[in-house]
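Paired with chain B in one complex and with chain C in the other, chain A is shared by the two complexes that follow.
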Partner chain A sequence: MQFDPFTIPFDIGLYFILIYAVVRCVRWFMDLSRPDKLRLQRGFFGRAFGQSIREIFMESLIHRKILKSNPRLGYMHMSLAFGWFLLILFGTIEADIFGESHLNAPYKAIFFKFFNPEHGSTGFEAFFAFLMDLILAFILSGLFLAVLKRFSSKVVGMKKTTRLKPLDKIALTSLWLIFPSRLLAESFTSGTYGTGSFLTGSLGSWLASFLPAEQLAYPFWWLYSLALGVFFILLPLTRYMHIPTELFLIFARNSGIRTGDQTGSYSEIQTYSCSSCGICIDACQLNFSAGITNIQSAYLLKGIRNNDNVNDIAQNCLLCGRCDKKCPVGIELTPIRMIRRRIGETEKEKTTVLKRYLPDRKNIVPVKSNDKQVYNFLPAVESEKTDILFFAGCMTHLNPAIKNSMIKILNASGVKYKFLDEKGGVCCGRPLMLSGQDKEARELINYNSKLIWKSGAHTLVTSCPICYKVFKESYYLDVEVLHHTQFIKMLIEDGSLKLNFLRKRVVYHSPCELGRGSGVYDEPKDVLKHVARLEKTDFEDDNSLCCGGSLANMKLSFRQKSKIAHDAAAELTKGNPDILATACPLCKKTFSSATETHVADISEIVAEAISLVQIKRNSGKKYFSIKESADIL
Partner chain B sequence: MVDFGFSLLKARQINYDHNDRSIAGYIYEREPSFRLCIECGGCSATCTTGNFTRFSLREINILIKRGENEEVRHEIRKCMLCGKCTLVCPRGVNTRNVITLAKEAFQKRGINAI
Partner chain C sequence: MHSMDKSIIVIGAGTAGMEAAGQLAKEGFNVTLVEKEQDTGGHVKSWFHLFPDRRDSKEVLAYLNTQICRENITLLTGTTVNNLEKKHDSFVMNTSDGNELKADAVVVTTGFDLFRSERKEEYGYGIYDNVITSADLETMFRKGEVKRANGEIPEKIGIVHCVGSRDEKSGNLYCSKLCCVTAVKQAIELKEMIPAAKIFCFYMDIRMGGALYEEMYREAQENYEINFIRGKVSEISEDINNKLIAKVEDTLVGRPLKIGLDMMVLMAGMEMSETGRKIALSSGLKTGDNRFFSPADHHFGSNKSNLSGVFYAGTCTAPMNITDTISHARAVVSDVIDYLKGKSN
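Presenting the complex of A and B:
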């Protein structure tokens, strides 16, 4: 039996973290709602299992998504995670083949060199020793990058790195010590016995030439074991908890579990899965345009983990969804933020170390608003019967050009429609929802729902992406909701709208609520391609910018908003297009004051492109009366 | 009492010494742009809620500053947070935050806005 007391710290750490991970997983599982439990069970024994294993390999080990978005950062994460995995895997195989027996205790694989110092001099053994050295070099190169990143985050192509707490620092130091101490321990042992491959062998013989290698090896084996043990024991208190949590998260997500709108086990799992990679910080315009550096999602999650009052963080955000789309772990950042907005202010809880190892189940009851109806002043619902409803929305009413263009388009194409909020309507409810006031929002939603339902319409067209999103997601109506760009595309395709081609160069800004928020990316661009020359920008689709005017943020000052708008507009108009096109009245308004370039909604461009013949044929007088009223405006 | 077809008016002076202006203070501290309001009424003119009922943000701004909180408390929840006022305000007052902070200030004293 090979044994040495220096392996004890490692053993304690390892068994502690294994047992701990199991306890935590069981607790999370118990806290899932009943349907989610069933989902997870089904997922675990079904097709989702294979998917999860593949995802764990691709994302938790290889870090494919980080590699894609930032190769250097990706390499750093990959070399540490995948390298360590390989080291353990091949270490175990090595110990199994060349060790004194099969199926060894883990410490024998980890400290193989110590127990078999003469291993690795010839033939197949040497090949294995070479392999292990190669993996170690791979890890060390990543570690080197990580250390550099701590001191200057620019090295890995990041603008900001995440801030640390003291315990994180100890854990980080022990993590950093693991591989260098292994390198030195193995080198000293190899130097003494004249074994080891290109890395430990050469370093070892060189060190042994002027140092007492035999005496020095043992302390470094201790250091190696201690570093491992300390890291494992501190792991639950630090951000490295994301390593075991992410595995659970991947299984849960592939089983079909989603955040929803309540705090619960799944959102807790997600808050612990954040690796603090900092990609969300780099993606955030509040960071790189407005200089606000404490509200990004990584900090939100950290605040939630520490039981801080995160209300201010949760509120000061555009909810643009850029971070959400880019998070390589796939944490549903926007829903988590919405949940915190509904919860509002909380007391900061005092925590003990024990409590941090086993946090309480969190059942935060949302602040109750008094139950009185707020909007009982609204008039009784009356609606005329129609097939197609057009809802302009508050923001469109502030942009008469968009409203009039839509009327022109609808009339020219000859569809039968009713203008639901011609004389001004009730807000769609989304702004209240975004500020966490669901109950009030529901009142408005119910009111508008009745209006729409009574009209008997089968299609609801809106010009505002904010309205579009809430109609689609939170109104339980049996109508087809279309954004006007989708509707215009339909009109073009079925031939009811004949358009001229305008000789203009256009770039398209995808509004957050329409693009990332609702997944409508292609229709607006298809329409634009039909009437003008659409050019690409550096910020397309998922990567599009926020105009800064988002209704989701009430905390930004006028100046900060306009800074964001200026920066975004400057990026989009780099190629000097004739028109900066968008599909949202709010984006249009925000950009209009932020750039010299002409800003227009797609409906305006389309209205301009309508051929005169068609206007005369389909609308006759009606259009001209509208035109007159437009002139007066 | 004999109905003469008219009555005495109630006293209408405002006593600033008695008015509680802490709600205004709460807002000033957190949303400095509230000080910029010139009571032009642009917000009230465009207001979505104002289209249906007698609700005026301009009036609310004045009342808050004067410390006539009771009236504000009755009115302020009628706002739909639609954001039109913020966009038209010529002074760049972050109006929606003013409204939200006022509600929050009431809530913190345990007298919810009605």
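Presenting the complex of A and C:
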């Protein structure tokens, strides 16, 4: 049997990492909640399996999403991952066909050239040698980019790259050494025997012309094996843990498992699936507008992995969700950040190396109990019966033009409605939730829920996306919750609202809570198209910017927020539109002081477009006129 | 130096510009006074009585108009500055009517603009009819009647201090200096005009730094029963009967308040004027974080700019009352003379 002691480091590393990966996966699986376990089992033996395999191929190997958003960075990731995969695949096939026997031990495929130095002379062998050289060249080109990226991230089209911890650096160095040492080892061997294809062959014969190739080959085979062994053994302590974890994540996600709002096995898997590619850093407005470069999701996840106190990082975020949508691994970054906000301050844990290989299970962190205020000062619940409820929300009350426009629209369309917080209401609870105070928020949610139940309404219309999101997700209501843009669209479509076309050029800013947060992208734009000329910006839908006024961030100074607002407004108004339209009172307020362009809520534009005939038709009625029910029928 | 051969451009015929032009002309310089509006007088011409002695503003206007009735003053009204450039030792200015003016020195007296209160939408200016600004109230005083939009006499009137001043959200960190005393003056005048009215002033701090201001403030409380509530108004809304509802926290009692009012007056602060901003952009004159022109030195050079030969007077450098503006306008004359002397030697 072919064997040489230099393969031992590689063997140890390989078997270690295989056993380790199995142990971790079993632990993760055990820690999943019972429903999630069932989901995963069903997913693994069902349709999700094929989907997962396809996704692993497209995302973990080809890196399609990164390629789409940043071709150079994508090529770098692809050449390393896909290239290495091909090298192993074809190496194994080569060893199987030409090696000592079929079904060889892995080391024989990896170090094939060492054991078969004269391979590559005949036609078919030469084709394989050529193929292997080609793959190696492919990987080396990616590695070249990776090394350049370390020194200047602009090379791969990125503005910022992630910072590393010491073990990461050792692992990175061993990773970098793997392929050059393979290149040199194979070249020296090829040079000695006069074999090898265009890469190792030519390099080998050139090196052999002035170096003692035969003596030099052996140390490089050792170096190659050592680099592989060290990389495998350090892998669990570094960000490269993402390679095995991501496979598990893809299966779990395709089986329908989601983060939800509690820490657990799934959020831990996601934490370890982050490759620190840094795409979230480039997407973050705190980075490119406010110059804050240490709080982005990659750093949050790194901090969680290292058991750091990440509370400050978790709090310093607009929760705009831009990184969420851009993450090539599909990690649910915003929910994970929300979980950390609920956990609050934590102690920095001292860990031994052993503990770092098998970290404590993080799914049992208790949420701090609420021993703060009692909300007994809230007014008594009183509600009148109605079919449609309008809830303006606190921010809309601070923008009375929106409130008045909505009243005008509702009255003009003649629907029967009741203004729930006409004289001021109780907060929807979302601001408390965003700061991690869920129990306190629940008090307000219960109060408003009772109010809504008692009214007997079927539809709840709100002008504020912040309220909209919380009504939709965290209230247990049986009513249909609509943002006013959705409601206005319905009114236009069923003919209750007749609008004129305004000769104005409008751009639309999609608010985070409405767009990325709740998936309402189209209705606001449809309404705008109906009344004005809607023009495109560079930041549509998923890619829309945050206005900077987010309630979610209490750490930013006013100056930093204002900088974000100015930058975002400048981008949106590049084409000199007549109106910068938005669908959120907070965005409106923030942008109003950040641009010279007229900023208006969609409801204001619609109210302006209501035809005079319609106003006359309903003008005889009182302020909150209720259309006779017979009229509707 | 013969002042007869030297010519000076003064930009803006408000209090500072008219006083500076008059004093420079008295020294024998040829002065061109440029004003964007059809009339001279600036903001003063839309005001009623002035603090602290309640003098009629028309008297001040009359004084300023006599100041500029001189042979060596050319007055160009309805004219704006397109471009101001320094060429060697003299200045070339292009005006909106296509003229090119040359001068040896320039005095910028572009003054201030009132804060556009619509920008604080939570106060509902431009949305609710009975929310007005201090400037609107002066106009009403001039007409001799203070009425709600529906013609009724207001009985409960609120006054909000610091609208667009000392307000990070409006981007104005500075104090506009005049609003507190204007509020007190207007409260007293309102009370005199409508003796039955209840008047509430909502303030953050009362700043009565000028001569006789504090006395007026005391008088307002003792003789006019004006209520001063320490707290910033957070929002104003309107109920079905068109009554305004102000939400405010009384920070001395530590309690939130909701107060119904017939009329609300917003004490709009002062901001760098739009004309001043354009001139700063086209000529390279430096402005500060507060966006007003920044003087070369806050102690010895408050009339000097970063360009030698260009001087400032009045509220284009910082909020000032009329007394200070007139002093500042007189002070600019000595700087101009020093500069021109130095040049001819």
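The definition used in the following text is that the second predicted complex is superposed on the first by the 607 of 633 C-alpha atoms of A that agree within 3 Å, B and C clash if a C-alpha of one lies under 4 Å from a C-alpha of the other, contacts with A are read in each partner's own complex, and residues count from 1 in each chain.
Keep this in mind: a contact is a pair of C-beta atoms (placed from the backbone, for glycine too) under 8 Å apart; a residue touches a chain by one contact, two chains touch by 3 or more.
Since we're looking at a predicted model, the values are computed, not measured.
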| item | value |
| --- | --- |
| Superposed partners chain B and chain C on chain A - clash or fit | clash |
| Contacts of A:Asn404 with chain B and chain C, given as first, second, both or neither | second |
| Partner chain in contact with A:Phe210 - chain B first, chain C second, else both or neither | neither |
| Partner chain(s) touched by A:Tyr476 [first = chain B, second = chain C, both, neither] | neither |
| Which partner reaches more residues of chain A (counting touched residues only), chain B or chain C | B |
| Touched partner set for A:Phe151, first chain B, second chain C, both or neither | neither |
| Chain B versus chain C as contact partner of A:Phe558, first or second or both or neither | both |
| Which superposed partner A:Ser592 touches (first chain B, second chain C, both, neither) | second |
| Touching partner for A:Glu440 - first (chain B), second (chain C), both, neither | first |
| Chain B versus chain C as contact partner of A:Gly424, first or second or both or neither | both |
| Residues of chain A contacting chain B in one complex and chain C in the other | 397-398, 423-424, 558, 589 |
| Residue numbers on chain B that touch chain A, as the complex places them | 33, 46, 48, 51-53, 77-78, 80-84, 87-88, 92, 94, 96-97, 100, 107, 112, 114 |
| Footprint of chain A on chain C - complex, ascending | 119, 121-122, 124, 127-128, 168-171, 234-240, 245, 247, 258 |
| Of all residues in chain A, those that touch chain B in their complex | 367, 369-370, 372, 374-375, 377-379, 394-395, 397-398, 423-427, 429, 431-432, 435, 437, 440, 444, 551, 554-558, 586, 589 |
| Partner chain C, residues of chain A touching it in the complex | 397-401, 403-404, 423-424, 558, 562, 589, 592-593, 623-624 |
